[in-house]
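The same chain A turns up in both complexes below, where it pairs with chain B and then with chain C.
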Partner chain A sequence: MEPLNGLEITGRILWQFLPVWISLIVVFALSLHFKRRLGLYGKLFDSPIGMIGFGFVMFWIFTGFYAAFDMIITHDPLAQISGLKNEPPGSALRDPGPGEYPWYLLGGDNLARDVFSRMVKGSSIVIGIAPLATIFAFMVGITMGLPAGYYGGRLDTVLSFLANLILAFPVILLFFLLVTPEIIAAGVPSFMAMVLFFFPIVFFTVLLNSRYHSQPKIRTPLLIVVVGALLWGYLALISSEGYLVQTETYAIPLLPQALDFINTSSGFLVVFVAVVFVNSPTVYRIVRGLAMDIKTRDYVAAAQTRGEGPWYIMLWEILPNARGPLIVDFCLRIGYTTILLGTLGFFGLGLSPESPNWGATINDGRKLLSIYLHPALPPALALLSLVLGLNLLADGLREESLKD
Partner chain B sequence: MGLFILRRTGVMVLTALCLTFIVFFLTNLFPNLEKLAKTQGNFRMSDEAVLSWLTNNGYMQPTVLKYGQWLGVAPGWTLERPDGTVRGKCIDGDVTPEVAAEAPTYCGVIQGNWGYSTVFREPVSAIIGGKLALTGVLMFWVLLLMIPLALIVGILAGMREGTVLDRGLSTFSILTTATPEYVSGVIFIAVFASSAVGLKWFKGTATQAMDQPTFENFFLPVLTISLYGMGYIARMTRASMTEVMTAQYIRTARLKGVSFHNIVLKHALRNALIAPFTVIMLQFPWLLNGVVIVETLFNYKGFGWTLVQAAGNNDIDLLLAVSVVSVAVVLVTQLISDIGYVYLNPRIRLS
Partner chain C sequence: MSRDDYEGPILEIDNLSISFFTRLREIPAVMDFSVTVQPGEAVGLVGESGCGKSTVALGVMRDLGKNGRIVGGTVKFKGRDMGDMSDEELREIRGSEVAMIYQEPMASLNPAMKIGKQLMEVPMIHQGMNAEKARERALQVVTDVKLPDPARILDSFPHQLSGGQQQRIVIAMALMAEPSLLILDEPTTALDVTVEAAVVELVKELGKKYGTSMLFISHNLGLVLETCDRICVMYSGEAVETGSIEDVFDKMQHPYTQALFRSIPLPGANKNDRPLKAIPGNFPLPHERPPGCNFGPRCDYFEEGRCNAAEIPMFEVAGDDRHGTRCLRFEEIDWNAPMQLMETKTKGEIGPVVLKMDNLKKYYEVAANALFGGGQKKVVKANETLTFEAHESETLAIVGESGCGKSTFAKVLMGLETATDGTIMLDNRSIGDVPIEKRDAKTIGEVQMVFQNPFDTLNPSMTVGRQIIRALEVFGIGKNEAERRERMLQLLDLVKLPREFADRMPRQLSGGQKQRVGIARAFAGDARIVVADEPVSALDVSVQAAVTDLLMEIQREHKTTLLFISHDLSIVRYLSDRVMVMYLGHVVELGTTDQVFSPPYHPYTEALLSAVPIADTSVEKEHIVLEGDIPSAMNPPPGCPFQTRCRWKKDVPDNLCEREVPPMRQMAEGHQVKCHLADDILARMSPVIKIAAE
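Right, the complex of A and B next:
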């Protein structure tokens, strides 16, 4: 088989992304058609910057989604094929088996793995962790920030001190302390997960209870179903192989394996926990500031006069009116989380060394950077385009929401 | 004002104590100590050997007590060996009981004893001093490049809101904030330093810059850190500048017939630079992250590189000293930013 030239490589890469292109066209066509009926999301399509950002973001979301089902990729991202070590983009396999893709589209890395497939597969990891971790960080930040801003006083002082404590830690130092095999062996991430993942349950319980507490007929069954499902998910998430913590010296049994439907490896869990932990205090500060601002408004006073409870006011009066800045920050924060995940991978913390996450791939590639460019640049540019897309999207959203 | 600074300093000390205790607690978890024992002794130590090594070196005491000793508020540990000699935290090696009696009781950070690095086999204070000096040089050039660049970009963009220049510069700032150091550094090395592209304008490593910083070997690391920090400051400057440019007194000045040049330089700039000042100060913690990544990427053996080494090898004393220094940097810059904001902005008065 002949090696491919530049044009052929580009063409074939574009062809590999075909499902992504189709999905993008469908999303854009539908959104543009119905944009007048879609609120803030629809207005996004009035701003070119926002639209470009949205395009980048959706591209990686679809890529990550399809790559999770092994579409788009041409080879197994962990497989090494002899003779392709550090080979340039477009190199042909020596003797491709039947059904095997006969080229390494973006060349091979220093262990003769396919750079293209690793880059694509890396997007699955980011798309799987970053948005979810950001949502968790928001729930922790909102659950703590709303009462701190609304009540003020002692509670605010204590919570703000704790938040500033975490913020005063240089992020990298925190990662080096938290995301090590020894700390995992000591069971620290499991305990942190236990605390951090409890916040969504509190959040949803209070959210629903404050809304429906005057209608027990709806409230009670609703709470039982929602809280039950969340608790099950919570237990499944924090327990692995039937245990909460399983170290050499002690073990705490939890949910039996038969009921455990989420399988998280300890590396994945510790990365997730660390990222949520680092992000929540900043969210807390933003929410607290917004709550302090909004609680002086007339509609809050009206709700107080009506006799609404404090949690109803916080979650159903203040929070919806703080959504603009929060949505913008949510986009920026996913980008920041992506950068943090890259940092973790770059220093070889958390995920297993051969996992194709972008940070680790960049770190592997940079060692030979003076001779071979192709292993390091694709993941670097991928990460750049995703974060840039999120930033542009946030910028577009901010501009459009300010126009209201 | 004096009371405000005093209260802030009090909170700062409390924060520093809490943070160092957290670092102390995490580094003193048993699996970490086990790793330390194995790297110091040998990797095939049995569990009993690990335990006896840890006991003989004072690591098996309660964490709070050890923290007190490290801080210098609890008397240092001493241990009588089977052969009659005595070793302890404040004693150098194994000595006779007579010599040991003369050693000081307290020897912690308060007494100026930062401990001994198990990786570099040197007193911690000597390492930290040298490494901080190296990183100081790096930071000096970063600030020298980053602040003027950020302010110029921000002012030019905010001067005339909505123009092509504004759009272009704002997009550029967004691009720089979206490019973490490990991405921009890799791209810079690939373009400017690798033989694959062939420009070879700069060196891809800054190891030589530790002794002899030159433009060739030092520009890329400085640029890499500056760019990531720059975008945020530039955007804040732009926001502040656009706000000032719509103020009443600017309109008055314009109606009075002051030239645009003079409006920007004499009327707008002073007020527009209050916000960026605090932002620059609050940017220091992020710069610290950048320093760690860039020093690793360019192999510049400064403070950030030491952090990676200390953390990777669980060098407890060194890691604690590194955390104290970085936490101090963060807290002091926060304090300066608060005081500076009050000082620069006449509308805020602390009562």
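Right, the complex of A and C next:
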């Protein structure tokens, strides 16, 4: 086989992304067609900035999604093929087996793995962790920020102090601490996960209870179903292989393996916990500020005068009306989380060293940067375009939500 | 151009049209608008919100933002077309020749700059004056706007002044450069009535002193009557009637002007015998204006095929001075025909006592040092010894300016705060020290509230129906969702809103409609006592009448006790049975409406009555301008709370006013006044408002 020239490489890469293009076209066509009926989301399509950002973001979401099912990628991201170490983009395999893709589209890295496939596969990791971790950070931030802003006073002082304490701690140092084997062995990440992952349960329980407490007939079954499901998910998430913590010295058994439907590697858990932990204080502050502003509105007073409980007011009167700034911040925060994940991978913290996450691939490529540009550049550009897209999307949303 | 040698109209606006451009369409905000302001003349621009009056002002200043554009007509300032001026020339004129005063004083002052510096800037920039002279001038102007201790004021920051003082500084700043034209955009809306009266008095006086022409934008016909020489009534982007104050007020030639006057409570209007006449229908949206006459669909004199055929030009009314109307039929309509009386309503029977307050007190403790809670505690006396009764199907008006304690009182009654002392009896249950969490659903449902700001009273992210259903759920009404939905629809019928509104979001409703939803929500639990906290003050006049009427009608049907909190004495006189006047936490006067509105008055009631602008040329008012501002409740004056501003204080011997809080004195059956004045002085008081014989 002949190596490919630049044009062919571009053409073949674009062809590999075909499912993504189709999905993007469908989404844009539908959204543009129905944009007048889609509220804020529809308005996004009036702003070129927002549309470009949305395009970038959706590109990576689709890529991550399809790559999770091993579409788009051309080779196993962990497989090494001899003779392709540090080969330039478009290099042909020496003797491709039947059905094997005969080129490394973006060349090989220093362990002779396919750069293109690793970059594509890396997006799955980001798309899997970043939004979810951000959602958890929001749950924690909202659950603490609402009462702090609504009640004020001493509760606010204490919670704000805690938030400041976490924010004042150097983030990288915190990560190094969390991945230290001794700390993991002591089960600290597991305990932190236990606390942080409990917030969504609190959040949804209070949300539903405050809404339906006057109608026990609906409330009780609803709560049993929802809280039951959440609790199960919670236990599955924090327990691995039947144990909450399993160290050489002690072990705390938890959910039996038969019921454990989420398998979290401990590295994944550490990254997740770390990201949620450092993001939630910032969310807390935003929510607290918004709650303080909105609690002075007449509709909050109206809710008070008809005897609503404080949690109903916080979750059903204040929170929905704070959604605008929160949505914008959510987009930005996914971007920060993405960068944070990149940083973690770059330092080799958390996820396993051979995993194709972008941070780790950039770090691997960096060592030979003066000789070979191609292994480091694609993941770096991928990271850049996703974060840029998220920022543009946030800008677009903010701009459009301010307009009539 | 030299400033002084121009003789002719200061401002000529000729067929001005202004449009705003949005993504979807062009929205015409002002169409074919003409007005002329002569030197020294004050022209009032009146209309409801959204009629384009502020846009005219911005158009004159050429400050329409990115979306706005002048699409036709000319604005001439001292004979020069402002459209031909360069940006530099415009900048030169703004602030020095044309000055503008906005509604929110705090927003027009730079909070990070001392007052003196802000004032000095004006002549330093425009006239190149040196700092020393500029400061002299600033001192002079601050003295002119009658602020106490001008030197100290110059050295303070805006937040250290009260709202009234801030507005005076804004006026001073506008006058610094001795402009030929002053544009006032609702300059007193954010102020209390007595403060407003003082500011209006000041503006009038300064206008005369400096010979400044004024363009006075307001929604309040009474204010315009007091300040202006000429008036221009706007409706939906067009001037519908212009003329001198006397011509427009007494010989109106446009149906909208007439309808407007019939919908405001003038002395003589009465909720039972002479109810207000609301203008039917709604204000048209700028892009949904009807063909022909904009007012057509709401007009009593509408003629199909004629009024909606073509654009209607301005007609000159023969025999009057520059009196114009935009009505085709103005010569056919009999303007003197009396208003067709709608059926007079029977007065509701006043029933037994439902609510009884006895010696209610509410004090707040404010820690001097908020962070550590230590130090000396200050006590804010928000309510002092409130004692009154309210009967079934009675309207009790609670009147007072900001800081008088009426909101605190409402909070205590609702259970959001508990009373420091005294009792509140609802029927025979004491509720004064029961916070809302401990009240049962029935009690909560029985005592409800209607809020002031219609744009804030509904949760913006919940449908209208959902919000009412939620109230029903909380009050435990209806067995299931279907029953509650049915009840919710009935409530919408009650407040005369179409049932489709149940699925609308609040932002799709107009202010008046939102307020109706607020009323429906308050009546969800079959409320027996409703506290209405200025329910109509944020609404346009034509809508006010309809909402007030609705409240009265529901009251008649449900025998509700209405506690109507307001500072607007015209509406209070119109709808209340009894009136309670509050000042700094004290009830200073309590009696039936007739008793309170006629002498003997409490000195504060007297001042309040005189401060309210009345849009009737036949009313003669005594002008009583209160000095200074309301004292802070943190630091109330010793003795009588009103003694710092009272004009009768000198008639009480031995400085009694400064030493002792006056006792509540029984003047007549059910009429109480808290004052030291001797009986014979009180008896000598003359009525503040006199209606000239017709």
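As a working rule, the second predicted complex is superposed on the first by the 403 of 404 C-alpha atoms of A that agree within 3 Å, B and C clash if a C-alpha of one lies under 4 Å from a C-alpha of the other, contacts with A are read in each partner's own complex, and residues count from 1 in each chain.
The working rule: a residue touches a chain if its C-beta (ideal position, glycine included) is under 8 Å from a C-beta of that chain, and two chains touch if they have at least 3 such contacts.
Here the structure is a predicted model, which is why all the values come from computation and not from measurement.
S.K.: Between chain B and chain C, point out the one touching more chain A residues.
M.R.: B
S.K.: Does the superposition put A:77 against chain B (first), chain C (second), both, or neither?
M.R.: Once the two structures are laid over each other on A, A:77 reaches no partner at all.
S.K.: Examine A:149 and indicate which partner it touches, taking first as chain B and second as chain C; both and neither are also allowed.
M.R.: Neither partner.
S.K.: Would you check which partner chain A:298 touches, where first means chain B only, second means chain C only, and both and neither mean what they say?
M.R.: second
S.K.: Identify the partner contact of A:215: answer first if only chain B is touched, second if only chain C is, both if each is, neither if none is.
M.R.: Touch status of A:215: second partner only.
S.K.: Report for A:384: first if it touches chain B alone, second if chain C alone, otherwise both or neither.
M.R.: first
S.K.: State whether A:306 touches chain B only (first), chain C only (second), both chains, or neither.
M.R.: After superposing on A, A:306 lies in contact with chain C but is clear of chain B.
S.K.: Under the stated touch criterion, which partner chain does A:189 make contact with: chain B (first), chain C (second), both, or neither?
M.R.: neither
S.K.: Just checking: does A:108 make contact with chain B only, chain C only, both, or neither of them? Give me first, second, both or neither.
M.R.: So A:108 meets neither chain B nor chain C here.
S.K.: Contact residues on chain A for chain B in the complex?
M.R.: That would be residues 49, 161, 164-165, 167-173, 176-178, 180-183, 185-186, 188, 247, 249, 335, 339, 342-343, 346-347, 359, 362-363, 365-366, 369-373, 376-377, 380-381, 383-384, 387-388, 390-392, 395 of chain A.
S.K.: Per the contact definition, I'd like the list of chain C residues that touch chain A in the complex.
M.R.: Checking each residue of chain C against chain A gives 22-23, 414-416, 436-437, 439, 441, 444-445, 448-449, 451-453, 456-462, 471, 473-476, 518, 521, 524-525.
S.K.: For the complex, which residues does chain B have touching chain A?
M.R.: Touching chain A from chain B are residues 11, 15, 18-19, 23, 26-27, 29-32, 34-35, 171, 174-175, 177-180, 182-183, 186-187, 189-190, 193-197, 204, 285, 288-289, 292-293, 296-297, 304, 307-308, 311-312, 314, 319, 322-323, 326-327, 330-331, 334.
S.K.: For the complex, which residues does chain A have touching chain C?
M.R.: 46, 214-215, 297-299, 301-309, 316-317, 320-321, 323, 403-404
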